[in-house]
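Data block below; observations after.
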Amino acid sequence: MSQKKNFTKGFLKENPVFVLLLGLCPALGVTTSAFNGLGMGLATTFVLVMSNIVVSLVKSSIPDKVRIPSFIVIIASFVTIVELTMQGYLPDLYEQLGLFIPLIVVNCLVLGRAEAFASKNTLKSSVIDGLGMGLGFAMALTILGGVRELLGNGAIFGWKFIEGDGILVFILSPGAFIVFGYLVALLNKINKTT
Amino acid sequence: MKTFKRGGVHPEENKLSENQPIEVLSVPKRVTILLGQNLGANSKPVVNKRDKVKVGQLIAKGEAFISANLHSPVSGTVLKIDDVPDQVGHNKAAIVIDVDGDEWVEGIVRSSEIAKDIKLSKEEIVKKIQEMGVVGLGGAAFPTHIKLMVPEGKVPNVLIINGVECEPYLTADHRLMLEKGEELLIGISILMKGLGVSKAIIGIENNKADAIHLLKELANNFLGIEVQSLKVKYPQGGEKQLIKALINREVPSGKLPLDVGCVVSNVGTAFAVYEAVQKNKPLIERVVSVTGKSVKKPSNLLVRIGTPISDLIGKVEGLPEDTGKIIGGGPMMGKTLISMNAAVVKGTSGILVMRENESSRIAVKDCIRCAKCVSVCPMGLSPYLLAIYGEQERYEDAGLEDVMDCIECGSCHYICPSGRPLLDYLRVDKVRVGEIMRNR
Amino acid sequence: MSLLKISGSPHVHGDNSVKGVMYGVLYAMIPAILASIYFFGLDSLKVMLVSVVACLLFEYLIQKYLIKGEVTITDGSALITGVLLAFNVPSNLPVFVIIVGAFVSIVIAKMSFGGLGKNIFNPALVGRVFLLMSFPVEMTSWPIPKPLFSGKVLDAITGPTPLGILKEGLDAGKSVSELSQQLPDYITELLGNHGGSLGEVSAIALLIGAAYLLFRKIITWHIPTSYLGSVIIFSGILWLINPELYINPLFHLVTGGMILGVFFMATDMVTTPMSPKGMIIFGLGAGIITMLIRIWGAYPEGVSFAILIMNAFVPLIDKGFKPKRFGERIKNG
Amino acid sequence: MPISKDAITHPGIIHEVGSERIYVKILSQSACSACHAKGACSVSDLEEKLIDVKIPSGKSYNVGDMVTVGMEKSLGSKAVLLGYFIPFLILLFVLITMLAISDNELLSGMLAIGLLIPYYLILYLLKDKLQKTFEFRIKE
Amino acid sequence: MSDVIIYSVITIAALGTVSAMILFFVAQQFKVIENPKIDDVEEVLPGANCGGCGYAGCRNFAEAIVKTNTLEGMNCPPGGTKVMDNVASIMGMTAEVQAPLVAVMRCSGSKANAPAKVQYDGPETCFFAHNLSAAESGCPYGCLGLADCVRACKFDAMYMDEETGLPVIIEENCVACGACVEACPRDIIELRKVGPKSKRIFVSCINEEKGGVAKKHCSVACIGCWKCEKECKFDAITIENNLAYIDFNKCTLCRKCVVVCPTNAIHELNFKPRKPKPEKKTLENEVKTDAKVVVESEKTEGKPLAKIEDEATDNDNNKE
Amino acid sequence: MAKKESTFLNMVLTLLIITGLSSLALSGVFELTKGPIAKARKEKKERAIKAVLPEFDTMLLKMVMPETGKDSLEFITAYEDSLWVGTAISTYTYKGYSGLIKLMVGLLPDGCIERIAVLEQKETPGLGTKIADEKFKHQFIGKDPAKYILKVKKDGGDVDAITAATISSRAYCEAVQRAYDAFKRDGGNK
Amino acid sequence: MDYIIIFIGAIFVSNIVLAQFLGICPFLGVSGKVSTSLGMGGAVLFVMTLATMVTWIIQKYVLDPFDIGFLQTISFILVIAALVQMVEIILKKVSPPLYQALGIFLPLITTNCAVLGVAILTIQKEHILMEAVVFAIANAIGFTLALVIFAGIREHLDLMNVPKGMRGVPIALISAGILALAFMGFANLV
């Protein structure tokens, strides 16, 4: 696969959220606004890229059987780094994302990529893969958050352009499922036609 | 008023021919006797091409356990023994006889005098019935003698006679009960003797009050025969439902009436038994109702087995202009005929002609889960689900949902507001599940 | 003579059709429609019209342009959804909000599943609950009835529903007997001259319709009976324990959407179990959940939630409570 | 095996054929079984298990044959009961009693967890009996 | 400050070690018994999971191949020889050569050739219609046109021709998985050798009725007249139960039988069009409608069924 | 490079190294971010205190146990030029629509409410969250809870509840009342 | 009483799947068959309780005393991963047939997301051990409830001819959304 394709596949064809259906908990849990979605997406991207880097660097010095626990430790470390950094420098966002930051650890996307891709590929392609997938994830979360914010609050990225309250359900939990459902259907359709 | 509890429907009765006495249809020019007329294995021909046969002569022998003898209903020459299209157009083995005169084999008593005394013993009765090729005339054409051969360990204690005729339009049994009441009762007594029971109940639906009245009166002269009137409800004639209605026993899934101590026979069968045992006459003719709203002269005809259906139609002054469907049997369970050239078989209880505007099904829509089909199913099944399984080819699931219990009464399709062809899919299910079970 | 037809049996069909069933329900709703027009005036007519037109339009558009199948808006089911949605909202609901509700009912709750017969949740109720969550202000300001010919043409005074009065009062620590002065008497509640959603206020009008439905055998007794039964038993027990804290069962029966819900919405056959036993379980469950929410929950009214929650259980109920098979029980003798 | 309402079945492939038993390999699917991405994420959730089954009399099998192994559904529930639910009850019961008699959360917690050991020991001792209970059958 | 570091390292290292031990045991218990070859083999399989190989899915097939370590009797119809060659090279073996097959439709009872005499009113499935009665045309052998076969085909190799009411096989897509053969309740579809340059000759009828009866249902029925049998010099044609059958192993594609058939029941596919010569035997309209069927499946501009002209040129293609 | 064998020793060593390294790294990051985290927390609090009190230069912390409620309240007494200018009280209620609501209530020495800030809440967006809106908070400014009844109008008080969020409004009042009561009990000043 | 509030709260009011969005992957992935989803519930019940107990103890007696709370994530995930594996090994050692029976009956339990989430949540809520255990049990039950209802819905949807574009995941998600909507009726039900 060419590097470019490797990078772009995460956006449509193999979008981790809409197509592969990975990491749904944060995808539904934090996307009450586009900004939160973006924040979560970028945090995940960071963890993904960093752990991909480390995994592809150390891949040959790890015995097969402890691969997974080693990866978990590596990933968990980066998650904690994100956690601490956010707490220090983006306290408001940290509060909004709450529980879902530590849960990046169990996001199958991260572990899956480390395991399936980085542990077999070169540093460069691992970085590209992580970046592509991570940004795909971030994009998905931003779109989901954006749609929910727009419908639920009449705003995008906090910029309110419709007066009044919007349709509240969309920022509540049912709205997450419903919007997500239709987005998956839409993306299926797009992927089928292209 | 007695009836079965669960499910059932009440379609328009339309018994147009109920007041028409049974007429004898003249002998046709050629008859076609299918070798597989009855439930079970085909009969083996014992005549050859160009052989001369007489009325009542054995022409095919039932050799397998479940199969029956066939006798020539006419006298003439065997034209061929070959595949011919049956009522639905599939090619089936048959003996075709060209008619020539009306010569009967000896020993058949042809007088209409009523022979009351039952001279034969239990075993002789069963043997006679087998010899004479008597099969059930209630629809499935199950060889009657097998019903009388009670297996070890089962004890029948009541004979149930099915005079329900719950199918709309059909009146053959009704007329038979009215016109041959006494013979019928003698036939029943013979069956009782053959079976070794001392009790028989004739179940008749309330819309045949005259028959109930008549038989009740006549039954006073017979020991152990009781007539019971029943509320009109389809499919009361189904044997499981009838047993439930009359003696409140439920035949368990996959079991036979005998397992709850009874045997069910149709009134026509009882009459055939009478003729076979008392008159030595094989089953070569039966009463067929030819009816329909557009039919000029709805009738009940006594016809020879093997008569082309076109002859029957001719007798009622021809096929009406606007005919949309011709059905062998009643409107609920009958089969559509593909042409009128096919012949009457032992199981043919009626020929129903439907007008064009009656014969289309309503447009099929998706199931709206109205549960009507569930509530009318006399077997307590979930037809909507079974039909979906059929559609999606999930036959294993259909098997687990007891689709094999379906008696194919069609009540579910009849009632469905979405016009779903439920029974059609259930039939597919049943065939497929049958295949699966056989493969196991 | 055209071609003979061949088909499987049966060859006759009962005279029932989907359309017949649906229009039967519509006829049954006429008394309640009239009552709502009487009590809430032309506003109510407006809400109903908007809702019905929007529902039909959405259904038409989806069937024509997205599913690209047969258009079946004349079968009456979208019409019922429209009327019932209107029945479940206050008469002063803004047009925009009604249209959102119709969209949710038809597009999300019905057509996404494939249309009539396939939806798991009751469309009108999904629409209503969605609106309740999204527009709590609009959905909980109930205009006081201003009967059509009563002369007073006051503009939209809002007031609480009887259940609202009760809930608020109890939450504020008042006792039932203190509150009962504020509550309308039972005659008023039966007739419908009090605050509430369009179609729920007049229990009498609804009961007339319900009787028609039962008479025409469009609905069966199972769900209404078990639903109302469990409500009576549940509230009755609590009432007997402490009549100052828990109001009597009769009040629960005639107030809020109970009658509407029980006879018109909990009986929607699409979203309810298939076997009689299953229906009884459904009714019991819905009754209990309704009372849980009414008595201990945040909302004064729980009928919609209860029915929707039980809708979710329908597949399980259908699995667990099959119709009774013939011949399972061997009875000899 | 007739169509039985109460059987759970699992397709598998014969891995090894012994004199009396055959070993059938099944794929136990994890939560992600329905996931399209299981190729991308072959973590530890696609796992293979070997099931040994007694050979029905009069049949012979070859390595690589597709077979379906099955077991009464009630046995599945029984397995969940023994494997998970009873230990859960032990956990809960010990914890509650311990917390009732002492206030030491650490001790109570550790003890509750610790008492699982004798439970599994007992299971271990009942090994043979369990072996008989959880007998698989083979279809086709 | 350094306390934190010490505690952290101790805690996590301790936890890590414990996990390591646990996982060591896990590793011992759950030895991966998977042969990596399975993945490799699965990779080259088409992934259609059609079941044509006799296994539940492609992976099962791959497992079976690797497990049994033999290719005997193993064939992937969709993939054909190419895939099996690939598999063989992974396994380090040679694949059995299997002559490629393709599905052919052996009924030409189109709406025009076999006009409906009754009208079927029931669910759209051949299986049910077959059990209910003969076809609308009355032919108890002919195609029911309700597309069970088309639905069974997972390779988009079939579609229903609206005009003829018959299924059409798109040769290029057909992988000879046999699903349609299995699905057809009337056993109309047959898998035949593709033949050199996809040329095939076969009797497009399976009606076993006597000629007269068959002809009543359908104008292009095989009437069992023996003409083709007599014409064939290679003993490729046998007639049984009033029905001719051409053995594709013996047929040399000489096309002589095609011409003698009085009902045009013998079809030839993918031959060069013959030089059109005036037709003498059959009715004009029948030929036309029949031609439609052939053209559909040929996807060429074939003018069917005239006189023998160029059979010799094709004669040497028949060995394989 | 060949893969390491999965021997017991190898595995344990690898994991030890990895965990050791990662915990080292983590504690490093922790040390690095400790400052900023603490600062962020402090700033947030200070911002809130400043938002509810008039200008001040010194502040004094203490904990006061209210009569009702489980936890003690934090009192921040503020002085400008050693003059008591007001007290900020971090108060709470669990009766919010989604439980806990934390407020910072600024009281002037005379007991009047200076301003109120919402510290923490999980109310429904668009409904309960309006307790942080000016429109709602504004009505408390300058009110003396001794005269101004801290209850929603429905319950006989003086506070205009947020439409469709009575529960949140009620809880808000309760929290303010708790702060005020503690303030009074504490003697009002220091 | 507190326990009841925790219990009902976790099952109905803020259901782990429908309101907290934890364990969505298995919720969408496994819930195909009612019988197995019930069995899975049993397994989750045990694992979640056990994991919560262990992580609670670690938090309270290791992380808190040494003031290394920032290691929560990494230590919890290690413990949970190891624990889940350990249960499997023990079962396999103790009784292979039992283990096989489970294997054929249940999909593997990889609901790490929910398990870790509950472990962290219970710490955040400052539960005591018993409360933590009740919380874990309730969440496991809530998870099972959602799973079983959903398995039913999925089985049901399989029977329906859902429009092509919506088939599968989209319609499942929309059903889940409506279910979540209905569950909101339980708001404040304690």
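Just so it is clear, A, B, C, D, E, F and G label the chains in written order, and each chain counts residues from 1 on its own.
The rule is simple: a contact is a pair of C-beta atoms (placed from the backbone, for glycine too) under 8 Å apart; a residue touches a chain by one contact, two chains touch by 3 or more.
What you are looking at is a predicted structure, and each value in this text was computed from that prediction instead of being measured.
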item: Identity of the chain that, by mean CA position, is farthest from chain G; value: B
item: Which of E-G and C-E has more C-beta contact pairs; value: E-G
item: Between chain F and chain G, centroid-to-centroid distance (C-alpha), Å; value: 31
item: Euclidean distance of C-alpha centroids - chain E vs chain F, Å; value: 74
item: Length of the line joining the C-alpha centres of chain C and chain D, rounded to whole Å; value: 46
item: Inter-chain centre distance, chain B versus chain D - centres from mean C-alpha coordinates, in Å; value: 54
item: Sites on chain C at which at least two other chains make contact; value: 2, 4-8, 108, 112, 114, 117-118, 130, 133, 136, 298
item: Set of chain G residues in contact with two or more other chains; value: 25, 28, 68, 70-71, 74, 78, 81-82, 93, 161, 165-166, 170-171, 174, 178, 181, 184, 187-188
item: Residues of chain F whose C-beta touches two or more other chains; value: 6, 11, 14-15, 18-19, 22-23, 26-27, 30, 97, 127, 167
item: Residues on chain B engaged by chain C in the complex (per definition of touch); value: 6, 9, 11-12, 88, 168, 240, 244, 248-253, 255, 260-261, 321-327, 329, 331-338, 352, 354, 356, 358-362, 365-372, 374-375, 377-382, 384-385, 401-402, 405, 408, 410-411, 413-415, 417-419, 421, 423-424, 427
item: Footprint of chain G on chain B - complex, ascending; value: 366, 385, 388, 392
item: Chain G-touching residues of chain E, taken from the complex the two chains share; value: 3-4, 7-8, 11-12, 15-16, 18-19, 22-23, 25-26, 29
item: Touching residues on chain F, where the partner in the complex is chain A; value: 1-7, 10-11, 14-15, 18-19, 22-23, 25-26, 29-30, 33, 35-37, 39-41, 44, 124-127
item: Touch list for chain A against partner chain C, complex; value: 165, 167-170, 172, 174, 178, 181
